[in-house]
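The structure's right below; bear with me while I get my questions together.
Order as written gives the chain letters A, B, C, D, E and F; numbering starts at 1 within each chain.
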Amino acid sequence: MDITLVPGNSLITATPEDGRHLAIKMARLVVKATQPDDDTRAKLRAIYANDASDLIQVGHVVALEFATIAAANNYWRD
Amino acid sequence: MDITLVPGNSLITATPEDGRHLAIKMARLVVKATQPDDDTRAKLRAIYANDASDLIQVGHVVALEFATIAAANNYWRD
Amino acid sequence: MDITLVPGNSLITATPEDGRHLAIKMARLVVKATQPDDDTRAKLRAIYANDASDLIQVGHVVALEFATIAAANNYWRD
Amino acid sequence: MDITLVPGNSLITATPEDGRHLAIKMARLVVKATQPDDDTRAKLRAIYANDASDLIQVGHVVALEFATIAAANNYWRD
Amino acid sequence: MDITLVPGNSLITATPEDGRHLAIKMARLVVKATQPDDDTRAKLRAIYANDASDLIQVGHVVALEFATIAAANNYWRD
Amino acid sequence: MDITLVPGNSLITATPEDGRHLAIKMARLVVKATQPDDDTRAKLRAIYANDASDLIQVGHVVALEFATIAAANNYWRD
């Protein structure tokens, strides 16, 4: 697999906002690793971006990735 | 992406009630980042707000976002 | 949003039983915040209370809310 | 709600096996609280006990309840 | 219920590989406790083992059981 | 079961990127343990790699496996 799965190879980010962006990127990169064809992903994106249930599940995955990133950063409390 | 994903760029809130509101906002902002078109989101909202399974899943995502926020705030025990 | 999302604005409860009740209430209040119309919620409740898959998912959300509440209370070990 | 949601009002159990039984009971009691009619639950049980997807989701909920109970008991390491 | 739910009545295993096997067994035993009929389970297994969505969900449950077992074993770091 | 479920029999990896690869492998190996037939898995892979909802759920499972691996590695903070 020659796709980078963790941009910057680190879970540490400066802020929660940056952590949230990383969570979205990491979620997308797993999809890319599973379906590497750009055209197919574009077609599927048009489907899930217009489907209420799918969008909720996208939110679910991002929330889970973010939970890990937030813990890694001690919730940016320090 | 020019959408703010974490309002206030912090997971720290004064109370559990505030944390719950943040959880709902954060969940919605991921949907907005994935489907930026306002009209499409309004249409989809009319769907999931009237679908039992979808509403339960909305609750699931909010519960997960809130778990992270609650941990960040040491469960507002201090 | 003028709905109270965390009754008592605290995750601390006297017992696990009380924590479980809070988990159920918090799960329901997110649904109420997303679908504020009482009649619509009553109609949807008749659907999910009679659907096996939906009921299992209701249990899932309550389990997740409870996990957070239990952690907040140090699992009522003290 | 006059249904007991946490039998014994405690998450502490003597063994992992006991904890697993508690997890199953707690998962079922939320379903009972949501659908109190015994006949309806019996009918729904006949459905989900014969549906592969539903059974997997039952396993999911029990796993989540158990995670909380296991943490409460320090994983029975002591 | 006369089915053993946690083989060995312990979450402690020698290695991650052993922990993973335990996770799979524990996930299956909940299904067995919910649907005790061997023939029915065999029929359902033929369904979910040939359904992409079901297989992914099986993986989900095992991942969750494993998370608990891994925490119980301090991630086999010691 | 003669399938290796945890490559290297360890959750410890040098980097987040390596941890992410391990998460994907572990998720796939559970599917392999549940459906050992190579041809069937290839057929199912063609299905889920072209289905938006399935791909999102694949991402969900990987996120959960990764959460465990990240915790095992102290989030690669050290």
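Just a few scattered comments:
Following the convention adopted for this analysis, a contact is a pair of C-beta atoms (placed from the backbone, for glycine too) under 8 Å apart; a residue touches a chain by one contact, two chains touch by 3 or more.
Values in this document were obtained by computation on a predicted structure and should not be read as measured data.
The mean-CA centres of chain E and chain F are about 16 angstrom from one another, to the nearest whole unit. In whole angstrom, the spacing between the mean C-alpha positions of chain B and chain E is 31. Shown for chain D are the residues in touch with two or more other chains, namely 48, 51, 53, 57-58, 60, 64, 67, 71. Taken together, the touching pairs link the chains into one ring where each has two partners. All chains join into a single ring; listed from chain A onward through chain B, they run A, B, C, D, E, F.
Of all residues in chain B, those touching chain C in their complex are 15-17, 19-21, 24, 48-53, 55-60, 62-64, 66-67, 70-71, 75-77.
Those residues of chain D lying in contact with chain C across their complex are 1, 4-6, 9-12, 26-27, 30-31, 33-35, 40, 44-45, 47-48, 51, 53-54, 57-58, 60-61, 64-65, 67-68, 71-72.
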